[in-house]
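What follows is a pair of complexes built around chain A, which joins chain B in one and chain C in the other.
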Partner chain A sequence: MHSFGYRLNGLLTFSLTILTIMCAIASLSDNLNTPSPSAEIQIININRFQKQPQGNDEVSLTMNISADLQSLFTWNTKQLFIFVAAEYETPKNSLNQVSLWDAIIIAKEHAKFWIHTSNKYRFVDQGNNLRGKEFNLTLHWHVMPKTGKMFADKIVLTGYSFPEEYR
Partner chain B sequence: MDWQGQKLVEQIMQIMLLVFAVIAFVAGYVLGSFRMMMIVYAGGVALTALITVPNWPLFNRHPLNWLDPSEAEKHPKPQVAVSSKKERHQKVNVVLAAE
Partner chain C sequence: MGWIEENMKFTNVRKILSQAISLGMVVSLALMMWKGLTCITGSQSPVVVVLSGSMEPGFQRGDILFLYINKNPIRTGQIVVFNDGRDIPIVHRVIEVHEHEDTKEVDILTKGDANEDDDRMLYASNHDWLQQKYIMGRAVGFLPYVGWFTIIMSEKPILKYILVGGLGLLVLTSKE
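And now, the complex of A and B:
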């Protein structure tokens, strides 16, 4: 520690090492959080339910999505990425997941919301299996931290089904 | 900075940084603000740098006294002795010439 530059270098290195440890502890502190999220999705209307020229079914629907995800936010949360996916089974695929809508929530205040929307992304099946099919709508979320580990989880809402005939 | 000063400064630096890290983390956690933690810590690092990095006179209170140049000349380094071989061969022919 015998010159200005030597001391400055030592100080900067040590301070950054300590900063790394602080960020690791901050990430670990996220595990202390016990979230209690809730969500509800209502299908208001199935606008289109047609078979495309290529032979695949396509659906357009309007939903009411309401959720309270405020308990997922911690001091180490940068944003919340959420998306709604329709899940169902077909003879060809044991699980189909089609993403219908997503959003990024950057503040805790915005995490309790209600939105009336049609599907943001096209809902196209691999085949024509959707008539009368039962499906689940799941709300997935990814809690993206400022430093450290990302947590992901979901809520599964069951009981939805397609009409028997095309419209 | 002298040796005592350097040791003191190193201890001060390590302790101050650790203390500020703890204070910053607790402040951030309690206030629920990551930004607060970073601000407090950055302030702590700057303060520590101000105290420990520049060559303050208070860290130079036990300076080493190097010998003055004039003092060194009064006590010259001892010379190594050099032996001569030429003196031994001069005395041989003197006795024969007197008869």
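And now, the complex of A and C:
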């Protein structure tokens, strides 16, 4: 009953249980946070708007992205993964979401930023439906915790549209 | 004194049998918990270990992810675990979604956070897009470092044998 083996076993079980409980509490504490993020995206220029040889439209654009996501950080936040996606509808597809740019924010200070960038990833449609089409730009954020539940949300910005003609 | 020795043999057999039953109950309990977890989360493997560094700095090798899947459609930004016929499933983030108007099926493109390129090269040769049926689950929670145990066990199988052998020996030589 009091051998080394039993004591070690008891100690290990107890410490693992405590660790698990601590991780759960850390994760639950994230629910106490009430974030108030804000963002703005401006399309500065549509650099290229062409139809590829296979028949799909491709767009290259430059945007100004400014956001204040500092309120999303808690003590249990490891990083924030943010990305900007274009959302639009076409006759064949009820929803298209294409990620244009993303970033990883590790520190709270960097969560308030302004960036001038062209799309990191190619924006290619399934088809050639983009001329004159209206689309939304959404800024999504995914909070990756140090331990526990991950959660995500987004801000939808409407009112953008593609040019009527290729250029 | 023969009947005394016979009685002792019976007690030994009973002791061994009762130990075997306890072991069996522990194993069945573990199995029940695992299968129960599979039912609750809807995923074939509700807990996966991150094996590569393609999602750094968020997920490092050795972290474990908790998966959950329901009928909700896959959308960009979600971290998914997919397997379209490979040896080991991949944990990457969805960067493009095209949902068809007629069938409501989705075409999905994924990419690891730390990778330059998207995963198109990795998909099985006959498709450019992933379908929802290849997605084993969405990552909803995460615990760091806990998966190293599994990685060590699978990469150095000798340790597995030592551990199981040692446990077996402990069971056999324990006094009660």
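What we mean here is this: the second predicted complex is superposed on the first by the 166 of 167 C-alpha atoms of A that agree within 3 Å, B and C clash if a C-alpha of one lies under 4 Å from a C-alpha of the other, contacts with A are read in each partner's own complex, and residues count from 1 in each chain.
Criterion: a contact is a pair of C-beta atoms (placed from the backbone, for glycine too) under 8 Å apart; a residue touches a chain by one contact, two chains touch by 3 or more.
A quick note: this is a predicted structure, and the numbers were derived from the prediction, not measured.
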item: Overlay on chain A: chain C relative to chain B, clash or fit; value: fit
item: Which of chain B and chain C A:51 touches, first, second, both or neither; value: neither
item: Included angle at chain A between vectors to chain C and chain B, based on C-alpha centres and rounded to the nearest 10 degrees; value: 40
item: First (chain B), second (chain C), both or neither touched by A:146; value: both
item: Touching partner for A:112 - first (chain B), second (chain C), both, neither; value: neither
item: Touching partner for A:85 - first (chain B), second (chain C), both, neither; value: second
item: Which of chain B and chain C A:25 touches, first, second, both or neither; value: first
item: Chain A: partner with more touched residues, chain B or chain C; value: C
item: Partner chain in contact with A:2 - chain B first, chain C second, else both or neither; value: first
item: Chain B versus chain C as contact partner of A:131, first or second or both or neither; value: neither
item: Touched partner set for A:104, first chain B, second chain C, both or neither; value: second
item: Shortest CA-CA distance between chain B and chain C [superposed frame, angstrom]; value: 12
item: On chain A, the residue positions that both chain B and chain C contact, one per complex; value: 146-147
item: Complex contact set, residues of chain A against chain C; value: 23, 27, 78-79, 81, 83, 85, 91-99, 102, 104, 106, 121, 126, 140, 142, 144-150, 152, 154
item: Contact set on chain A toward chain B in their complex; value: 1-2, 4, 7-8, 10-11, 14-15, 18-19, 21-22, 25-26, 29, 75-76, 146-147
item: Complex contact set, residues of chain C against chain A; value: 57-59, 75-79, 93, 95-101, 104, 107, 111, 113, 118, 139-144
item: Complex interface listing, chain B residues touching chain A; value: 1, 6-7, 9-10, 13-14, 17-18, 21, 24-25, 28-29, 31-34, 37, 41, 45, 48-49, 52-55
